[in-house]
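Once you scroll down, you'll see the structures, which are given as C-alpha cells.
Paired with subunit B in one complex and with subunit C in the other, subunit A is shared by the two complexes that follow.
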Partner chain A sequence: MDKIFTIAKKEYKDAVRNYVFVTFLAFLIVLTGISMYVGALNFHVKVSLFEKTYQALIAAGQPVSTLTRPEFFPLQLLRATIEYLEIIGAILAISLGYLSIAKEKGNNTLPLIFTRPITRKKYYLGKLVGNLALIVSVCALLFITIIGIITFVGGIHLSSLEIAKILLSAFATFIYLSIFFLFAALCTTLMRFPSNALILTFVVWLFFVLIVPQIGDTMDTDNQVPGGFFNAIHIDQPQSKIILQQFTLYETLRNGIEETSITKHYERLTFALLGIKDIYNGKSLGYIFLDKVWEVLWLLGFFFTFGTMSLYAFSRSKVLLQKVE
Partner chain B sequence: MKTNIQSSVVPIIVTQELTKKYDNSIALDSLCLSINKGEIFGFLGHNGAGKTTTVSMLTTLIAPTSGSASVCGFDTQKESIEVQKCIGYLPENVKFYDSLTAYENLEYLAKLSGVKNPKEKINEVLMFLEFDDVEKKKLGEFSKGMRQRIGIAQAILHDPEVLFLDEPTSGLDPMGIKNLRKIIIKLNREKGMTIFMNTHLLSEVAKTCTTIGVLNQGKLIYRDSLVHTMERFHDESSLEEIYFTLGDKH
Partner chain C sequence: METTLIIASAEIRALFREKTIYAITGVFLLMTAAASFISWSTFTTADAVYRASVVYLHARGVVAIPENPLHSIPALVSFDNLIIYVLLIGALLAVIIGHRSFMRERRSGILQVLFTRPVSMRSFIFGKVLGLGSVLLGVMSITAIISIASSFLLPLQQISIEDIGHALVFFFLSFLYMLFFALCGLLFSIVVKSESLALFIPICIWVGITFVLPELATGLTPTALLNPVTLLQLPVAEGFFNTAQHLLSPVSLGWHYTTMSGELLGSSFRTSFPILRVLTEHWIEIVTLCASIFTLVIFSAIALQRFDPREGSIHE
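What follows is the complex of A and B.
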C-alpha cells in the first residue's frame, strides 16, 4: 500500500508540474469562470431591476400584482460549463492518460521500475490512484468555483437539494473524464509508438465527442426549431407521441447513434440533474435517477471496462519494454 | 588496471541453456554462463548480438523462451521478487523523470526498492559517488555524465549484490567515461559488488573488467578472465584484434 501511495504521489506531482496539463486546466477554469460570472451577473441585474421597479411602484401607490418576479434556475447556469467539460475536459483527461504512459516509454524509465520489487499491476494501480486523485481535484476545484460564483457574485442562496445536484454532476464529471483518461492510457500502453496512440485517441474523441452528438442532434426534429418542432406547429405532446410512432425506425436509429457516444450519456445525465432540460427542473433526485439510470450504467460500464482493460494491458504488454527511438 | 580484489569462486550469476526467440529469429541461443561473486564481467558484442536481451532476462524484465537463469541463488522466473531485491540496474539511455529534481528521483526509486530511510541512504550514496549540491537541481539541467552518475546512484540505493550496467559509457565524453570507470572500480573494491557490464567499448573492458565474455549473433563464443585472455592471445597486439579474431572464427 505504501508503494502505491508513493507512485500516486509522484504521478500527481509530475502532472501538476506539466505545462500542457496546467495550460488546459487554466483555460477550462477561466472559461467556466467567465460563463458563470456573466450568467450570475445577468441574473443579479434582473433581480435588482425588479426590486427597483417594485419599490418605485409601491412608492407611487401603483398596483404591483402585474409585476412578476424573474424566474431563475441557477443550476442552468452550468450548461456552458458542462459543454466545456465535454470537449476541453476530455482533452485534459486524454493528455493526462497519454503523458502518464508515454513519458515512461520515451524516457525508458519502465526498466528501472520493473527491476524493482513491485508488480506491474501494483505499479499501474499507483498510477491510477494518482491520476484519478488529480481528476477529483480538478472537478472539486471547478465545481467549488461554480458554487462560489453563484453564491457570491449572483447573490443566490443554493438549497441543499441544489448543492446535492451540483455534487452529483461533479461526480458524473469525474467518471466522464476518467473514461477518457483510461482510454488514452490503454491506447498508449498497447501501441508501440505513443504518437500513434495519441492520434487514435483524438480520432475517437473527435468522433464520439463532436461528430456523433451532432448527428444525433441534427436528426432530432425538436432541435431544429427553437422551442421544439411540434410545439412550433402547435401539436401537443400526446399527439406528437402518436405521430412519432410512425417513425420508430428513424427514432431507433437516431437514438442508437447517440447511445454510442460517452459524451451524450454524460450530457443527458448532467442536463437532467441540473435541470437544463426543462422537464427535469425541480424534480427529485430519485425521479431523475430512475429516469436516467441507463445513462449512469453506460458511464459506469465504460469506466470499469476501460479500467480493467488498461490494468490488464499494462500488466501484460510486452510493448511497454520496447524502446521508442 | 587489475581490480579483481574480492572475487571468489562462489557463482552469483548462472545461466543454463538460456534462450530467447522473437518470432522466427533467435536473439540468444543456449547461453551457459557462470559469473563469480566480486567479478567485473564485461559482456562484449556487436549491436544486436543479444547483450541487452541477456541482461533483460537476468534482471527479470523478460521471460526466456527456454533454459533458466539464477542471480544471487534465486531463479529469475520463479523467484523474481527475490532477484529484484539483490540487483541494481542501469538501462541504456535512461532519462529519468525530468520534472522531478535529482533528489526526488532518487527518493522515489529508493521507496520503490523498499529502502527504509531513503533520506539517509541518498546522502550516503551521493557522498560515496562524490556527488554533492545537486539534490535540488532538476534532472533536465544535468549533463549526460551527471545523469549517468545519478543512474548509478539509483541502482545502488538498496545495496544490491549485483549491478547490471547496459552500455554505461554510451554518449559520454572522455572525462565522463573516466569518472564512470572510477566509480565502477570503487563499487567493486569498496562494496564488493559484482558488476555485469554490457559494452562494445573494448578499451573500457581492458581498463575495468576482470572477466570477459563475447557474444556473437546470440551465441557465447568466448569467456575467460582478462589476464588469461591477454596471455592466450599474446601475439595479438590488442583486445580489439582478439575480438575480431574470435568473430572471424565463428
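What follows is the complex of A and C.
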C-alpha cells in the first residue's frame, strides 16, 4: 500500500509542479468566470427584451397575459461552464492520461522501473490514485470558484439544496473527466507508439464529444428547413407524430447514436441537477436521481469498464515494455 | 528562392516521413465521410417523410399539398458539418503541424549546423511557411475533391457548376483559416523555450477564437456555437452583446469563418449567397484574415532572427 501511495504522491507532485498544467487550470478557471459573466448578461438581455415587448404591447393596447417574465436561477449560469468542461476539460484529462503513461514509455524507463520490487499492477494503481486525486482537486477548485463567484460576486445566497446540487455536479464532472483520463491511459498502454495513441484518443474525443452530441439536432427531420419541415408542409405536431411512427427505426438510431456519447450522458445529468433543463428546476434530488439514474449508470459503467481495462492492460501488455524508437 | 524551395520540400518530406500527413488526411477524410453520411441519411429520411406526409394528407382529402421543401434547400447544405469540423479539428491539427515543424529542428539540434551554411533565416522561415501551406492546401484539395464527388451521390442534391464554385471558395477559405493556426503553432515554437508551453499557447488562442470571442459577441454557449442548427437561431444582439460584436469583430476570426462559410454553403438562412456578394460584404473579414496570416509570417521571421540556435534545444 505504501508503494502505491508513494507513486501516487509523485504523480500528483509532478503535475502540480508542471506550470503548463497549472496554467491550463488557471485558463479553465478564467473561462468559467467569463462564461458565468456572459450567462448573467444573457439574462439581462432577456429581461430587457421582455420589458421592451411588455411596454410595446401596453402602448398598443394589446393583452400582455401571454408574456412570461424571465426568471433568474443562479445555477443556470453554469451552462457554458459545463459545456467548456465537456470539451476543454476532456482535453485536459486526455493529456493527463496520455502523459502519465507516455512519459516513461517514451523514455524507455519502464523496463528499468520494473527491475525494482514493485508489480505492474501496484505501479499502475499508484499512477491511477495520484491522477484521480489530481482530477478531484481540479473539480474541487473549479466548483469552489463557481460557488465563490455566485456568492461573493453575484451576492446570491445559495440554499443547501443548491450547494448539494453543485457538489453532485462536481462529482459527475470528476467521473466524466476520469473516463477520458482512463481511456487515454488505456490507448497509450496498448499502442506501441504513444503519439499514435494520442491521435486515436483525439479522434475518439472528436467523435464522441463534438460530433455525436450534435447528431440529434442535425439529423432531426424537422430541423432541415427554416421554420420547421412539418410547418412548411402544413402538418401540425400531432399529425407529424403519426407520420413519424413509420420512421421509428431512424428515430431509434438517431437517439441510439446519441446514447453512445458519454458527453451526452454527462450533460443530461448535470443539466438536470443544475436545473438548466427547465423541467428539473426546483425538483428534489430524489426526483432527479430517479429520472436520471440511467445517465448515472452509463457514467459509472464507462468509468469502471475503462478503469478495469486499463489496469488489466497495464498489468499484461507486452507492447508496454517494448522499446520506442 | 532556391533555398526556400529546398526547405519547403524538406518540410513536406518530413511530414510524409513522420506519417503525420497520413494521419491528418485520414482525419479529414473521416470528417468528410461523417458529414456525407449524416447528410445522406437525413436527406433520404426527410424525403421519405415528405412522401409519407403526402400519402397521409391525400388520405384525409387534402388536395393542395406544398412542394417538397427540401428542394428549396441549397445543394451545399450537406457541407454544413464540415464548417464545424474545420473550425475545430482542422484548426487544432494545423496548430500541431505548425508546432512540430520547428520543434522537429530544435529537437534534432540541426539548427546550430544549418545556420553555419549559406542559408538565411528569412529563406528558412519562408521555406517552412511554403511547406506548411503546400501540405494544408494539398489536404484541403483532396477533401474538396472527395466531398464534391460524394455530394453527387446524395439524394436531392443537384450540384451545379456555380455550387462547385461556392464549395471551392469555401475550401480555400478553410485553407487560409487553417494556415493561420499552423503559423500560430510555428511562431510560438520559435518564441517559447518550453515545448509544451509552445503548444499550449496556440491551443489557448484556438479556444479563445473558437469559443470565447464568439460567446462574448453572441451570448451563445460553446455547444450552441458548434451546432449548425442552433447557429441558425442566433439571438438578436442587444446591449452588451451589441457593443461586444463591434469591439471584438476585428479579431473574431472564428466567427468570420463560420459566417462566411455559412453564407457560401447556404447554411445561413438556408440560402446561399452569390460568391461575389459574400466576398464584397465580408472584404474586411477576408483582409483581416490575410493580414493576420501575413503578420504571423513577419513575426515568425523576426522571432527567428532573434532566435539563438545555441539555445535552441528543448527546455521543459
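Operating definition for what follows: the second predicted complex is superposed on the first by the 256 of 325 C-alpha atoms of A that agree within 3 Å, B and C clash if a C-alpha of one lies under 4 Å from a C-alpha of the other, contacts with A are read in each partner's own complex, and residues count from 1 in each chain.
Just so we're on the same page, a residue touches a chain if its C-beta (ideal position, glycine included) is under 8 Å from a C-beta of that chain, and two chains touch if they have at least 3 such contacts.
Remember, it's a predicted structure, so these values are computed and weren't measured experimentally.
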{"item": "Partner chain(s) touched by A:Thr23 [first = subunit B, second = subunit C, both, neither]", "value": "second"}
{"item": "When both partners are placed on the shared chain, which of subunit B and subunit C touches more of subunit A", "value": "C"}
{"item": "Partner chain in contact with A:Arg116 - subunit B first, subunit C second, else both or neither", "value": "first"}
{"item": "Touching partner for A:His157 - first (subunit B), second (subunit C), both, neither", "value": "neither"}
{"item": "First (subunit B), second (subunit C), both or neither touched by A:Ile243", "value": "second"}
{"item": "First (subunit B), second (subunit C), both or neither touched by A:Lys3", "value": "first"}
{"item": "Subunit B and subunit C footprints on subunit A, overlapping residues", "value": "18"}
{"item": "Residue ranges of subunit B in contact with subunit A within the complex", "value": "56, 59-62, 81, 84-85, 87, 89, 91-100, 104, 108-109, 111-114, 154"}
{"item": "Of subunit C, residues touching subunit A in the complex", "value": "23, 27, 30, 34, 38, 41-43, 45-46, 48-50, 52-53, 56-57, 65-66, 68-70, 72-73, 80-81, 84, 88-89, 92, 194, 196-197, 200, 203-204, 207, 211-212, 215-216, 219, 221-223, 226-230, 232, 235-236, 238-241, 269-270"}
{"item": "Subunit B contact footprint on subunit A (complex, rising order)", "value": "2-3, 6-7, 10, 13-14, 17-18, 103, 106-109, 111-118, 318, 321, 323"}
{"item": "Residues of subunit A defined as touching subunit C within the complex", "value": "18-20, 23-24, 27, 31, 34-35, 38, 41-42, 44-45, 48-49, 79-80, 83-84, 86-88, 91, 199, 202-203, 206-207, 210-211, 213-215, 217-221, 223-226, 229-230, 232-235, 239, 242-244, 246-247, 250, 267"}
